[in-house]
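Shared between the two complexes below is chain A, which has chain B as its partner in the first and chain C in the second.
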Partner chain A sequence: MPELIAKSAIDAGPVTKGGASLALMEPGPISSIALYAHGAEAGAKGLETLGLSFPAPGQSQENGAARILWTGRDQAFLIGAEAPAMEGAAITDQSDGWAAFSLSGAGVEDVLSRLVAVDVRLSAFAPGQVVRTGLNHMPMILRRASAEAFEIYTFRSMARSAWHELEEVMGQLAARGTLKS
Partner chain B sequence: MRLTCPLCGSRDRREFYYYGADTYLNRPAPDAPMAAWDDYLHLRDNPAGVTRDLWYHEQGCAQWLKVTRNTVTHEISAVELVAGPAAGGKGASE
Partner chain C sequence: MRIDGKGIIDRTRPVSFRFDGREYGGYKGDTLASALLANDVRLVGRSFKYHRPRGILTAGSEEPNAMVEIHGRTNQTPNVRATVQEIFDGMDARSQNRMGTLRHDLLAVNDYVSPFLSAGFYYKTFMWPRAFWERVYEPIIRRAAGLGSLSGKHDDGSYEKAFAFCDLLVIGAGPTGLMAALVAARSGADVILAEENPHLGGRLIDDAGQIDGEPAALWVARVEAELRSLPNVRIMTRTAVTGAYDNGTFGALERVGLHKSARPNLPRECFWRIVAKRSVLAAGALERPIAFPMNDRPGIMMASAVRSYMNRYGVVPGKRVTLFANTDAARDTARQLIAAGVSVAAIIDPRADASSVEDCPVYTGAEVIDTRGRLGLREITIRQGGEEKRIETDCLAMSGGWNPTIHLTCHMNGRPQWNEELAAFVPVEGAVPGLSAAGAANGTMSTHGALAAGKAAAEAALRHLERNVAEVAVPGAEDAPYAVRATWAVEGKGRAWLDFANDVTVKDVRLAAHENYASVEHMKRYTTQGMAPDQGKNSNVGALAVLADATGRGIPETGTTTFRPPYVPVSIASMGAGGRGMGFAPQRFLTSDQASRDRGAPMVEAGLWYRPSYFPKPGETTWKEACDRETTMVRTSVGVCDVSTLGKVDIQGKDAARFLDFVYTNMFSTLGLGKVRYGLMLREDGTVLDDGTTARLGENHYLMTTTTAGAGVVMRHLDFVQQAFCADWDVRFISVTESWAQFAVAGPMARQLLAGYLGQPVELPFMGVAPVQIGDVQGRLFRISFSGEEGYEIAVPTRYGEALFRDLLARAETMGGGAYGMEALNVLRIEKGFITHAEIHGRTNAFDIGMVKMISAKKDCIGKAAAQRPGLLGPEREQLVGLRAAAPITAGAHLFRPNDKVELKNDQGYVTSVGYSPTLSAWLGMGFVVNGRARHGETIRLVDHLRGIDVLCEICDPVFFDPEGGKLRA
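Now for the complex of A and B:
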């Protein structure tokens, strides 16, 4: 069997500009878990084996490297762990379809506020909350991972554009910062 | 204009795609008379006042929404999921 080499979505190194840092993430396996009608109970049993449960709208859960993010009505993404065998849900491997970035640092909310039309200020968007919205015009799943860190998931085919948009904004904000003195 | 998606909360109009009157939900039976199909496909009211139409939360949860709004005051009085409540997730986000 040939050895396949996993390549990252784009060849981009970590960047720090102003108060924010952008880096590629290797999130591991990504599976869509879409509950069937009346599948909630069986689905919950499967997720229990990972110490997780199906998240409420706009929420996520974490257990070690595994996390589950609400992504739609009766749909969630399991990230960082192989999907367990489970009844009650359609499980689709999405690992190769997404690019993941981490955006962190004190300036993170200023960067996001230029590209995201939803209120994700640190005061309005608690750690663990998830929002599915646009990063400028690109579809995105955004999760606040900790106090000053966000995870950004976009379509792998749009990874270069997403990176460019974020880096551009970080540069603009850094430039503004130098004018303030 | 903002719509309050029952799952995602208050969102900007740019996240939604407008489809048309909620008449589209009441599809006639395949053997319905031609007049019923003509009505379903082509005839729409144009009310000055309360109207109900369908919006798609394209840049969000990808759900079809039934929106009740007033064309005179621009008030949006209800936004409901066409698909009904979810089975797994509990209620709406805060």
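Now for the complex of A and C:
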């Protein structure tokens, strides 16, 4: 019987420069949960088993390794836990569709300001907040995980471009850091 | 000449640079202009049209004369304003727009023939012979009248673009801006303070005035220190706000590394998009020249610039200075020079009633009427009453008053208002929503007035933002009246320049009026006034005043041209930062990418994806040899091809089948479990949108596939249909394109390959789907074919894609098969008559492609009604046909009856796809021919003028290979 070896979206080791660190994440399973009309109650019951509830627009919730991110109207991504059996929602496996990076450190706001056109300043985008937007020209789900850490989810096939652009921006910021005046 | 004890340059850090090949010294903080003036270099450039020797007029970004090229290792940047460019060690600056040396510019001959070169000269002179314009006249004129030059090489410098957000954007950090920023910062608002200079303070530094009885620089330093200590303030120096756009968005250009020698990754510039809830325009005002005869010589400069050079850089631009000014405020220039020990030869004031208290000769009611000194000012002639007098001087400081810097307020079509007392245009409140102009930008000319206005503007903005306002006292400062009396042009012999940058004189504007280009917009275009890199910052109001006078109207009646973004020149490189080369678009890579490259496959772009074109074998010298071999391989053994790029949409819900019936022309609600069906999708206008197969995976669970190019478009279409027409249906869908890697396994040995690999017999009927287990991995097996052979597609979660591809390939190779690329895939599908977006290109409908019967009569669908409109269903339509030829044919060629003349009116159709079929030993094509389905068997002439191809073809059925489909269903 053949044995298939799993590969990650890209081979890339952690990078730290320009006041920020970029690393690949292994977020575990990702499931899209799309509530049907009148499915909210049944959906909530299913999520209860994970200690989570359906997130409000632009928000996320976390319980241990499991987190759930709002990703659209009546749609959320459950990440880090297998989707529980659930009435009232269409569940679709998205585990292999997304490359996940963590971006952290004091320079994280500067890095994001180069590639993200929406306001994700630390003062405007609280921990737990989520936005679906672009990472330069690539689709992205962005979540602020903690004080100085963000999770970036982008199309798996674009992971190389996404990593390259983030790294390039970090390099430019590092070079800016060498300017005294 | 450098003087002691003045300026904010760092005299402990000398800097060495080159100008036109000669070494000069300056200090850190010097601009190229200040350093050249410190070295007594007055001649810096040549004018645009007449190649007149020019010096430095201003000390800011509005500079019209002193433009240079900066040469770096890999960059050559033209039209850099010497008044903005800071010097750094090793900087290589060169003068531009000259032939020969700067001192002996051969094109200065233009100046001697200038009587012939007035406005409209080209239009009148180079009319004949007509054909000469493009090939002879224009190149010569462009060579003679020009700006800097480019290297012709790629600019491989680093550039950045960035986004910023704030409650209050303060544009300009002079007294108004500093005060506004301080009030807003202390009130807790998020503030961005943007200043185009490297330092803060604006004219507080330039004029070396006093605040609260202390040097103003001390107050500036204190405010700067406080602002820098606050977390809610971002100070952006070297950043010019270039444009005002919708919803509080501003463009801004930051000079990041232009004041340093190049270093790796350091951006040269950053183009910012700043989104502000409110904004204060505190950009100050620009001093305006006076158009007196021969007013363009090196050494003649703005009075405010003379003060800036003295107080910013400790540089005095002359040894014997004269002042020609029409305001009380400008007199300070003379007082400061005298205090610094510089000789002031005369003050010339056109106001007869002006005071004369200064400690030097003062001529009131007087004007400068001529100047001398070809490469630098030597002498001026003044006229007082009927008397003329010559005065020796090497620097004439002039001031015709001030124009508020209203540019940004015009960017959204706001028109400024004429203010008679100031003799200037002032902004209209609300011209840019959320922005208020304050201080000198709003016509408040005293320092005290500016400080108070800055405070008031910030307070008003804070009230709009519903924030508390911190109490900040306005410090004491000069509050003298401005007292201007308009002086635009001085009558006399000789040319009087209005627009230095474009060599437009008073005479040119009067000529425009005389020739009836009397509207300000026409005058501008006829004379080119205001169309140079300085965009009329120095000349617009003066030219307008001369035009008003020449046409006997007032200035308000004459109106003004508008200002458009950008406020200062913006490099395209900064706006397109990151987009050079491969940065233009994201790249999408297949899981099989490395395996394909390992086999030497060249990649082609399909959408953003990179797909293997073909897999060359040793001995093959052309792509066609590989393509022929791969095609035959699939027809005789087995081929493997990565088809993961096709769009995949997971569709669920009890209304899923109903939804599919609605978006597809054909019926899907009758599709059995474990079955796949081909579907056709129309746009609302009845044109074909996309095609593909949809599989039924469960009771209420479907998997739709789209074309590669159509994946995004179809997803958008599905979202639209659901949200607009059936939001209440229980159907949910999401793209799973990225989630699955999928490979076609096709050919007579495909089943054998899969059975061996999976270790079990494969008994899937044609158009069937079933789950499949590969070790621990759950996959899906489809029996579908795009080649006409017995074909399967096997899908696994993307992470296993590379492993599966390598396994399948290894097996195929042991069976005499192998990988096939896009070229062979294309030939296989043409042989079979399968369409792609080459055929469904956005102008063809179901009738045209021979699929009108797929529009089900039993139900409605998107596009059905529109597809049945008259004119879309008849013999007049160009219909899909096959083409067969013995010689090479090309897609894009047009088709003609053999005996017709090859011209548009005889056009019978066109070719969309071609390929050489090794199976049929013929060139095959697909195309569209008028009433084509009724013309099978007819000979038609294929003409491709671009590639020089002219071949007779036979029109046939588009399905060349296995028309009964026996092989598919085997």
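By our rule, the second predicted complex is superposed on the first by the 177 of 181 C-alpha atoms of A that agree within 3 Å, B and C clash if a C-alpha of one lies under 4 Å from a C-alpha of the other, contacts with A are read in each partner's own complex, and residues count from 1 in each chain.
By definition in this document, a residue touches a chain if its C-beta (ideal position, glycine included) is under 8 Å from a C-beta of that chain, and two chains touch if they have at least 3 such contacts.
Since this is a predicted model, take the numbers as computed values, not measurements.
When the two structures are aligned on the shared chain, A:Trp70 is found in touch with chain B, with no touch to chain C. In the superposed model, A:Gly58 lies in contact with chain B only, and not with chain C. In the superposed model, A:Ala117 lies in contact with both chain B and chain C.
Judged by the touch definition given at the top, the superposed model places A:Ala40 against chain B, while chain C stays out of reach.
Judged by the touch definition given at the top, the superposed model places A:Arg176 against chain C, while chain B stays out of reach. Legend: residue contacts after superposition of the two complexes on their common chain; A:Ala162 is shown touching chain C, with no touch to chain B. After overlaying the two complexes on the shared chain, residue contacts for A:Arg132 are found with chain B alone; chain C is out of touch.
A count of residues in chain A touched by chain B and by chain C gives the higher number to C.
The intersection of chain A residues touching chain B with those touching chain C, taken from the two complexes, comprises 35, 37, 117-118.
Listing the residues of chain A that touch chain C in their complex gives 1-8, 32, 34-37, 75, 89-90, 92-98, 113-114, 116-119, 121, 123-124, 136-138, 155-158, 160-162, 165, 168-169, 171-172, 174-176, 178-179, 181.
Within the complex formed with chain A, the residues of chain B that make contact are 7-9, 11-12, 14-15, 59-63, 81, 83, 86-94. Residues 158, 160-165, 190, 198, 232, 256-257, 260, 263-267, 273, 275, 578, 583, 585-591, 608-609, 650, 652-653, 728, 730, 732-740, 757, 759, 774-777, 796-804, 807 of chain C are the ones touching chain A in the complex. Residue ranges on chain A touching chain B, taken from their complex, read 35, 37-40, 43-44, 54-59, 70-74, 76, 117-118, 131-134, 139.
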